[in-house]
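Please find one structure pasted underneath; my questions will follow.
Should a chain be cited, it is by its letter among A, B, C and D, assigned in written order, with residues numbered from 1 in that chain.
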Amino acid sequence: MNQYPAFLIIAPLLAACLIASAAWLRRSLCFPIAVLGLGTSFLSSLGVAARVLTDGHFQYRMGGWAPPLGIALEVDYLNAPVLVAVSGAALVSLIATRQIIEREQGPKAPVFYTLMLLAVTGMLGMTATGDAFNLYVLLEISSITGYALTASGDRLAPLASLRYLLLGTIGASFYLLGVGLLYMMTGTLNMADLSHLLPALYGSDAIFAAFLLILCGIWLKAALFPLHAWLPGAYSHASHASACLLAPLMTKVMIYVMLRVMFTVFTPAYVFEQISLEGFVVTLASVAVVAGSLMALAQRNLRRMAVYIVVAEVGYMVGGAWLGNQTAWTGAILHLLNDVLMTLCLFLAIAALAGRMETTDFKNLKGLFSTMPFSMGALVLGAMSIIGVPPACGFFSKWFLLKGAIEAGRFDFLAALLFSSLINVVLFFRLFECALYSGDDHHGPGEHGHIEIHEAPLSLVASLWAAAAGILAVGFYSGSIVNNFIKPALM
Amino acid sequence: MHEIVSIRPLLAVIASLAVTPILLSARSPNVREGWTFAAGAVKLGIVLSMLPAVLGGNVFCFALTEVIPGIRLAFRVDAMGMLFALVASTLWIVTSAYSIGYMRGLDEHSQTRYFCFFAIALSATIGAAFAANLVTLYMFYEILSFATYPLVTHHQDEEAKISGRKYLFFIVGGSVVLVLPAMIICHMKAGTLDFAPQGFLAGHVTQGLATALLLLFVFGLAKAALMPMHSWLPAAMVAPTPVSALLHAVAVVKVGAFSVARVLTGVFGVDLLAQYGLGTLLAVLASITILVASFIALSQDGLKRRLAFSTIGQLSYILLGVALLTPKGITGGLVHIAMHAFGKITLFFCAGAIFVAAGIKNISEMKGLGRRMPITMGAFFIGSLSVIGLPPGGGFISKWFLALGALESHELAFLCVLLFSSFLNAAYFLPIAYNAFFANPPDDAKDAGIQEAPPWCVAPLAFTAMASVWLFFNPWPFLDLARLAAAQVTGG
Amino acid sequence: MLVHATLDFPGWGDPNAPAHLHVAPEYLEQAYEKTATPNVVTAVLADYRSYDTMFETAVVFSAGLACFFLLRVQSRKKEEEEEEDRYFRHLATDMVIRIRTPSMHVPDSPYLQQLDPYWTPRSLIVRAACRVLTPFIQLFALYVVAHGHHSPGGGFQGGVILGASLILVALSHDLRTSMKMTPEKLMGVLSPAGVLIYAGVGALCVAAGHNFLDYGALAEWLGTAPEAARSLGILFVEVGVAVCVMATMIIIYANLSSAGGHKQGL
Amino acid sequence: MESITGLILAKYNYWMYISLMMVGLYAMIAKNNLVKKIIGMNILQTAIILFYISIGAKKGATIPIIMHSEGHGHEAVHAVQYINPLPHVLMLTAIVVSVATLGVALALAIRLYARFGTLEEDEINDQVREAP
């Protein structure tokens, strides 16, 4: 079946429209439609990945027009696993957060589902598209819905969301301007076509300006330190349901876009030979990793800690992408996939915990290992992955990143990664310490004391464990992922 | 030497892991502990089933998925791993029995959690013993660190909290910051991480790099407690005594020492170490640790703290033995893993039993205790002999081989270190036993009669004490395994 | 940096600029032949790059949805309590009554019309003029949609005009009146329906065995040549766009102007 | 001198968009009032739209609606006669996007106003600091 790429992106869009209509007619239909839409999308992404494995790179021409006239979806070794990860994570987080959405949003829950689906449509579209301008449109879809999603939350959420909107719009505008410059210089918007036409123009200042503008735009959206100002507020004040969807996906998709721009639109030959930014960017990434970790260390709230971890992780991937050797690229791509899972697991766990307490301040976490063993168990797995303990997947991407840093001779980045791992150990064990200590005096509830297990809703816990199992599975099979997808992608 | 592909190593590793869900959901403590014993028996059975073939010079292999191109999670059971696995799985059963007595005797809290993490820790230990390459070893090493953290901080008071932090800082910090880069450099230089009997780094590294790697490994594997990476060990003594017993006699510290031994032989290789003179470097480091730890132990009053510093010193015996790079020395180092385990676990069991029965933690309060607790203190005496290295304790065997190894390598300085530290060992252990039996007890406890700990406590310690003695007369299979392993790594 | 880069730019209106030489001529030269649509902008918009345009419509839809989501206040009771004074106009006499007690129930009477607190005296001229103008504006909007193939125009422009005509009603009368003409529920269904029409046409093409949004596939069912089918396909999707844009404009306007209450406002 | 004048005159469209963009960015960064920031955002977007449209300009060309009369529809079309349609198509999209963003931004601003009673950012920050 060769229509998988279309279904992959259209299914959530159609489902979103159907939900918005059904909301006025029969509300009970909304959630099943949403699951159906994302489920179709996930299955299609598996189909796409299977086809990539057999056929390699392929193209889906929208409207039957051949690029560069029309728009085509390009699926290759690089984005097939990203598609699977994004659609899978979106499905899991939709199922997980249903209770939260219904409780928080009440009658507006269908609207929330619609916004979620549209956001996912945008991200999947961005990942699959082969057209630079189309990417902008999809970026805006996921951003606009993202602004709305982050605005629902606590008292400060609208303010954080408005800041996100302003900065996000600057980012998107920079990207658009950069694409405009490219179009002006080449006359095409298609990525593959651009990569053919650009080498003749590599010396041009305009191309350099375009590259920088696109890069800055992406970094703003991906929250690379010091352009991260919007992220902590937006993700820590937003509703847990939105944070669970956006935090794992949005920054990662933007990192993917950066890789795409670096590899496909411009070529590594341009990025690493014509211009010499890599020294600066890797330093920036090292600073981002260290700063993100330190800021996470300064937090007294689990959720705020998690958002700064996201900032640090962005530094990992950007640094890996700019180290400029195969190993580091492998690490960056693998870490992108892993980070989707890790962040998903982390935020789902936080949502599960938050459902049973007022705030996720550390002081409220006492005794959670006894009362919420399953959520905390999954959180431990997520933490292991973020720290980088095998067999959790985070170890293996970190392995490649570290190795790439050594190969490139960038010991500052190496030190930053190790430092951040160490900080992560401190972060999470501080947390576990709180959760392990019952808060009662010395001997706690004793062997015979009855501990009431007070878990989050089943759907949430089940999804959380799905994410945690994913962490282990990806960890065990990361060799195959590298061999089958990432290596050919870097050929 | 045949390679036998078999799933048995994997089964041995997961035997104890598999029961954790059952342990978690078990309704009554008896069911829970029944399953613990069942898992222990199965594990020991699987390990034993591989013993004859391994003694015959064969190797069991089993590979899981490929995690990094060219590197698989894999198990490989050779003589060295077998030796360690055998010690760990035997002592797990004994410790489980002891735990039941200790935990119930003190009515400790969260016993289910305790037994679960105990099981996970054991899986990780066996996994480390059977690891076929550095990544697998590292994985189980880290899992062990994580699984033992809740055990160390079991008491959940302020002291436990601080100790737990220290424990993690040294162990996880060391492995992440030092070992991980060292592994990556090895992989870059040699292109493989699979342990080879003669090491795989030879010909790939210069002397400077080899020295740097060696230091990264021996300090990064902080569980081996080579000074100055030792200070987590006394701190971790806040754990309940069975935990201390298992952790500091068998699982954690021995995984550290075993890992270092594995890295020295399987990664560097004896020839490379000898060529660059790295064995001497490590032997000097180990000697310093042995002497300093022994001196510190002399000044400790807390019984468990004295045992902890004794452990630090004894671990470095193992390192010293391997660092001598001679077949006799390596045999002595490896067999010391077993001998010290049996001796030291006896001592810890005794310390726990004394605490359960008499509530005593300090050595100065133990005067005349031998009259109230004759079995316990008798076992303590035997354990002391073994650790000091006097016959009829099993420790004599390993010390004997260590001394032979030192002679063989013509390094008389190390022989002196061994002898002098044995003297120090005697100086800090024997007075305890002497005081317990011959000093006058404090007045209030003069005629209390015999007050032993519960049978669940006493039986295990009596068993390990007898095992220590028995190992002196019949060190099979540990000595054979150690000899075989030494022959394999030295290419003899 | 931007200024410096300008030196490399082609001059303004230079017919030989690369932008004009690569893809654009192909659009210009082939569009009419392939899609039977003389307005190349429309052809590119709704056929060559129709995938883009579908998401553009989705952007509109999501913006409307976002405004609704952010602002709409649905708990009626709270709203009633907040309004302290209520104003009613007696239609027969044109007298204005102010009711101060919040609890007092006012019967739904055809003679009484509720007014906004910020109400300004109505201007007969404006109202009458708007009332006359509105149908013509709407007619023109339909023309713009339908004639987008041949002259400047299309779904977006037509939809905007259509929406604006309804907003004009709201401006000249008040929000309450206009909400009666365009009930929220209807708009709420129409807005996604617009995107659905668009994506549905695309899905039909898939069902006919071609790629998504390949209108040529509809030729068989419509009984026309592929070019004409493309032209018709463009029309269909333009209608979808217009519907979506109109409904969304009204949603956004209604929510923004009344801060989600749908009661008062401009 | 002449070349500089020529440079400025020939490319004045670019100077326009750059200055507009800077105005917009300045407003977004420096202004304290949220509505002014939103206006700045709109100016920024408009500047980019202007840029695209000016790419599409072609001297001596007309709007891209193919002249045709009934009967002979297949006459050759000369691309030089028509301006570039693609930037217009793109900008139709970009305009829609900017309107959509504006709508969402205004909705957020209304929410903020309802909650804090002000749209001055520092006043909101003060309120937040007082009652976190």
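In the analysis below, contacts are C-beta pairs under 8 Å (C-beta built on N, C-alpha and C of every residue); 3 or more make two chains touch, one makes a residue touch a chain.
Chain labels with UniProt names: A, B = Multisubunit sodium/proton antiporter, MrpD subunit; C = Multisubunit sodium/proton antiporter, MrpB subunit; D = Multisubunit sodium/proton antiporter, MrpC subunit.
If you're wondering where the values come from, they're calculated on a predicted model, not measured in any experiment.
Think of each touching pair as a link: the shortest run of links from subunit B to subunit D has 2 of them.
Of all chains displayed, A has the C-alpha centre closest to the centre of the whole protein C-alpha set. We define each chain's centre as the mean of its Cα atoms; on that basis subunit A and subunit D are separated by 29 Å. Put simply, the C-alpha centre of subunit B and that of subunit C have 75 angstrom between them. The distance from the centre of subunit A to the centre of subunit B, each centre being the mean of the chain's C-alpha atoms, comes to 43 Å. Centre-to-centre, using mean CA coordinates, subunit A is 33 Å away from subunit C. Shared interface positions of subunit D, defined as residues touching 2 or more other chains, are 21, 55, 86-87, 93, 97, 100-101, 104, 108, 111.
In subunit C, the residues touching two or more other chains are 2, 6-7, 9, 17, 19-20, 23-24, 27, 49, 52, 56, 59, 62-63, 66, 70. Residue numbers of subunit B whose C-beta contacts span two or more other chains: none are found.
Under the touch rule stated earlier, the contacting chain pairs are A-B, A-C, A-D, C-D. Interface residues of subunit D, counted against subunit A in their complex, comprise 21, 25, 28, 34, 37-38, 41, 44-45, 48, 51-52, 55, 86-87, 90, 93-94, 97, 100-101, 104-105, 108-109, 111-112, 115, 124, 128.
Interface of subunit A with subunit C (complex): residues 3, 6, 10, 13-14, 16-21, 23-25, 60-65, 68-71, 107-108, 111-112, 114-115, 118, 121-122, 125, 131, 133-134, 137-138, 140-141, 144-145, 147-148, 151-152, 158, 181, 183-189, 197, 204-206, 208-209, 212. Residues 1-2, 4-10, 17-24, 26-27, 47-52, 54-56, 58-59, 61-63, 65-66, 68-70, 72, 74, 185, 188-189, 191-193, 195-196, 199-200, 202-203, 206, 210-216 of subunit C are the ones touching subunit A in the complex. Of all the residues in subunit A, the ones that touch subunit B in their complex are 369-370, 373, 380, 384, 387-391, 395-396, 398-400, 402-403, 406-407, 414, 418, 421-422, 425, 429, 432-433, 436-438, 442-447, 449, 475-480, 482-483, 487.
Contact residues on subunit C toward subunit D in their complex (touch as defined above): 2-3, 6-7, 9, 11-15, 17, 19-20, 23-25, 27-29, 31-33, 38-41, 44-45, 49, 52-53, 56, 59-60, 62-64, 66-67, 70-71, 150-152, 156, 252, 255-256, 259-260.
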